[in-house]
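In the part that follows, the structures are each spelled out as structure tokens.
You will see subunit A twice below: alongside subunit B first, and alongside subunit C after that.
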Partner chain A sequence: MKRIYLDYAATTPVDPRVSKTMEPFLSENFGNTMSLHSFGQEAKIVLEESREKLAGVINANPNEIIFTSSATESNNLALKGSALASKKGHIIISSIEHHCVVESAKWLAKNGFEITEISVDKFGKVNPEDIKKAITEKTILVSVIHASNEIGTIQPITEIGKICKEKNVLFHTDASQSFGKILIDVKKMNIDLLTASSHKIYGPKGAGLLYIREGINIAPLLHGGGQENGLRSSTVNVGAIAGFAAAAEIYKKEGKKENQKLIKLRDKLIKELLKIKGSHLNGDPKKRLPNNVNVRFDFVEGESLVIQLDMHGIACSTGSACSSATLEPSHVLLATGLKPEQAHGSLRITLGRWTTEKDINYLLKVLPKIVKKIREISPFK
Partner chain B sequence: MKNGINKKAVVAMSGGVDSSVAAALLKRSGFDVAGVFIKFWKDGKSAENSCCSVESEKMARLVAKKIGIPFYVINAEKEFKKKVVDYFLSEYKKGNTPNPCVVCNKEIKFGILIEKALKMGADYIATGHYARISSLSLRGRSEATDEAIQSYRLPRRPYRIFDLRAPRNDIYFKLHKGKDKEKDQSYFLWQLRQNQLKHVLFPVGNYTKPEVRELAEKFDLPSAETPESQEVCFVQNSTNEFLKKYLKTKPGKIIELKDVRHPAGRRTSPKAFGQHQGLHFYTIGQRKGLEIPQGPWYVVAKDFKNNNLIVSKDEKDLMQKELIAKNVNWISGKELKLPIKIEVKIRYRSNLADAVLYSKYTLNSAGAKIRVYKIVFDKPQKAVTSGQSVVFYKGKELLGGGVIFYRVKRV
Partner chain C sequence: MKTKNNTCGGLYTKKVLETFKNPHNYGKIKNADGIGKVGNIVCGDVMWLYIKVERKPAFAKGFGEAREIIKNIKFETFGCVAAISTSSIITDLVKGKTIKEALKITKDNVIESLGGLPKIKYHCSVLAVDALVEAIYDYFLKNKKLIPADVEKKHNIIQKSKDIIEKRYEKWNK
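Entry: the complex of A and B
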């Protein structure tokens, strides 16, 4: 059976051009960036070139980029690192953050920090005014996800950044889903800390970054050899980082054209899916990621849809891949005001570089039939 | 759906040998097969998102890969906790000894899972139970009668799973014991209903356990040597430890039966000659672990009102002539003409006993008239325990069953 991958928000395959870049780092250019000899020097050069390339994507200075192993690590470092650096205080997050931000905040709450969660509207959007109101004298950090991994809604982070700057509060954004795909300028957008991930943009797993604006003091979580300016001790994963940079470069060159294609496919998919009776779009109809479709169907569980689609060779998900193993309804969908049963009925379809119109047509041929069939069985008792 | 049979079956795979062979048999019979692993609730999970049964899940996934079928994990922790574990505890609280497997079959495996399987596009759900199902046309012409069960015997090659019982409304289904008398698990299935049975397949029901193990080796399944599952699946160590953790238990007096049954109804305060650890920890018929001298003693009753454990030296005091059953389910969906001579099983591991089943009216605690069933044994039975299932058989066929409500009339 031919398989169609429509879960690009969970992870992406490595672009063959990226794999090619990475090839030498297994056995040729394998040096440790901290070594003095030529092997080390060669690795160090690649590391710093990669840093430069990635800094360029978001208009940052290379010395403001810290490499980590993942977006989860970057988010942990951003929240816990800035909290620990100021010892106590108040942190504001939105109600639709990724689990790694939510859980880091919960851990900080257990350890004496005060946490406020800002609610969102029915499209999943944060109102910057709400953040303004929530900031107190004790507030040290505001963290708002740039684009939702589940419903694709893009947040007004320029406005939020501006407010944080006025109030002299740090602003962190988790840009795991948007980095490389949507234009980000950390200076214009007043971003102090930014998380990005390699495996969401056709780079390898095992590489992430945290942008830390120059002059900001955060405490490290990993102590040891003092790599990455002492902020992230650990032997640097040069190959993965080189791949990350190569992936970002491709996006820089081809992103505009790719987005146009994705938006066209996305809008066609949304338009056609909403023709199914009792279907609804989750997230903002306009301000959303070019590759994100999130819909729900009355009286249909997303889990059944995902499994049936998988049996037809189509891979998508109910929401965040990280939470698909639990039964809890998505906290993001609940935050947009959905009831638990509506949240359970949601399906996330995320498109990517190798998605074709034919794939979309196949999905559109299969999905309505599945929905109809599940609804026929639905009142089973 | 590219094969001859054109039917899709979802197999509940536990990682054990029975459900593994069930999946392999279906696949070899030409079904379109998918495996699912159901995550149950388990006591004492160390961290969130970590599951008790990581090993079993891994094994089930390996087996699915070996057979070449898609595999999905379904999380039913919440439902399992609510419907099975909470029921288990509430029954113990009431002084009963429940059968959690019966409830799990009804609510989870043949409840939620059937629903999910149908929504996955399946026609059938299959499990590794040692039991058999046959179908009967209501239009007079018998499609597959009891005798025909014999013909379900799978020929050695090719592997065929009995008839394809079309889920039609003019057919009804019968439930039978498994071929393997030792392993027969029909006892746990008495709560199934027609609308469940029409979607159920028991591929190993026509095999004996040794045959199943043989097949597992022959199919080269990684689970061929998994040990038999024991105990209640969701407790961490022992049932008693589990009960200690979740129920308030109060130590009390151990009293001899003859002191309770005082002649002429005079009430004297019965002599305590030992201490029990809490009534929940004892089962009717229990002999070991009483820690009172001059034994052996048998637990013959639990007096929850006074928190006394009643014991006797005479094994005869354990014998019962009758019992009352409630929550009766008839597999056929219709009550048989009563009274009826049947064979009953009062515990999974007890022998079949000849008995007569009567219908009876009684008053419930609110004073309302309710209908119950009385079972009178031909020969008195030992250690009839409230909360356990009493299952009705006629030959190989399972007619129905109920829950033992209370015991009546000592011999």
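Entry: the complex of A and C
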């Protein structure tokens, strides 16, 4: 059976051009960037070139980029690192953050920090005024996800950044889903800390970055050899970082055209899916990621939908957590005001570089039949 | 993309996935003799079970006792793969059995018949057994039969979580 991958928000395949860039770093250019000899220095050069390329994508200086192993690590470092550097204080997050931000905040709350969660509207959007009101004298950091990994809503980052700047509070944004999809300028957007990930943009897994604006003091979480300006000890994963940089360069060159294609496919998909009876769009109809579609169907449970689609060769994911380690529905969907049973029926379809119109047409052919069948089994009609 | 065998739901056994793909006995029974409606408050799954009972008299006066056979059974379920599979399998297990025999079916029988379930989905097998108990309870009640103490006890426990779930689905449940 032909398989169609429509879960690009979960992870992406490595672009063949990126794999090619990475090839020499296993056995050829394998040096440790901290070594003084030529092997080490060759690796060091690649590392610094990669830093420069990635900094260029977000209008940062190369010395403001710290490489990590993942977006989860970057978010942990941003929250815990800035908290530990100020020893005590108040942190503001939104109610639709990724688990790694939520859990880091919870951990900080257990360790004496005060946490405020800002609610969102029905589209999943944060009102910057709410942030303004929540900032107190004790506030050290505001962290708001740039674009939601689940519902694709893009936040008014520039406005939030401006407020934080005026109030002299650090502003972090988790850009794991937006980096490499929408334009980011850390200076114009008043961003102090920014998380980005490689494997969401056709780069390899195992590489992420944290942008830290020059002059900001944060404490490291990993102590050791003092790599990455003392902020992230560990032997540097040069191959993955080179791949990350190569992936970002491709976006820089081709992103605009790619987005046009994705937006066209996304809008067609949304339009057609909403023709199914009892279907609703989750997230903002306009301010959303070019590749994100999130819909729900009344009387239909998400896991059943995902597995049925998989049986037809289509890979998507659900807002229902019923298929994962917990049974509770997604906190993001609940935060937008959905009831648990509505959140359980949500389907996330995320498009990418190799998605074709034919794929979308196939999905549109299969999905209504599956929804109909699940509804036949359901007691609610 | 390359063609590969479908490996969907590595989480579930082949039997679960087959059952989910082609569930048996779903739908309503009009004029059912007993209906069991249950729900899980944590994950939100809802299961409705309908039974049709046929009374067979004793073979002859003084020989054997009258038997009540579940002639037909159907389900309607809103839930995950495991919930739909356990619903289907319990209808297979029950069909043709006497009420007495049906009441002996346990969650382990359900799990075994599906070749196993992930631990986090065990509650789906409990839900299926609860739905059956409720359908039989409803049958006893409608026919003014003496309700065995253990069935009454189970019913009281199930009823508590049912109230919560019914409130949640009020809008859909018209």
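General remarks:
Note that in this section the second predicted complex is superposed on the first by the 372 of 381 C-alpha atoms of A that agree within 3 Å, B and C clash if a C-alpha of one lies under 4 Å from a C-alpha of the other, contacts with A are read in each partner's own complex, and residues count from 1 in each chain.
By definition in this document, a contact is a pair of C-beta atoms (placed from the backbone, for glycine too) under 8 Å apart; a residue touches a chain by one contact, two chains touch by 3 or more.
Quick caveat, the model's predicted, so the values are computed rather than measured.
After superposition onto subunit A, the modelled positions of subunit B and subunit C overlap sterically. Looking at the shared chain after the overlay, A:304 reaches both subunit B and subunit C. When the two complexes are overlaid on their common chain A, residue A:5 makes contact with subunit C while staying clear of subunit B.
Of the two partner chains placed by superposition, subunit B and subunit C are both touched by A:377. By the document's definition of touching, neither partner reaches A:104: not subunit B, not subunit C. For subunit A, the partner touching the most residues, choosing from subunit B and subunit C, is C. With both structures placed on the common chain, the touch criterion links A:330 to neither subunit B nor subunit C.
Only one of the stretches 3-11, 219-227, 255-263 or 273-281 belonging to subunit B has C-alpha atoms clashing with subunit C in the superposition, and it is 3-11. Annotation: subunit A residues 301, 303-304, 307-308, 310-311, 325, 327, 377-378, 380 touch subunit B in one complex and subunit C in the other.
Looking at the complex, you find that subunit C touches subunit A at residues 1-4, 6, 8-9, 11-12, 17, 20-21, 23, 26-27, 37, 42-48, 75-81, 83-84, 120, 168-169, 172-173. Contact residues of subunit A toward subunit B in the complex are 301, 303-304, 307-308, 310-311, 325-327, 370, 373-374, 377-378, 380. Residues of subunit B touching subunit A in their complex: 34, 49, 70, 72-78, 114-116, 118-121. By the touch criterion stated above, subunit A contacts subunit C in their complex at residues 1-5, 298-299, 301, 303-304, 307-308, 310-311, 313, 320, 322-323, 325, 327-329, 339-341, 344, 354, 376-380.
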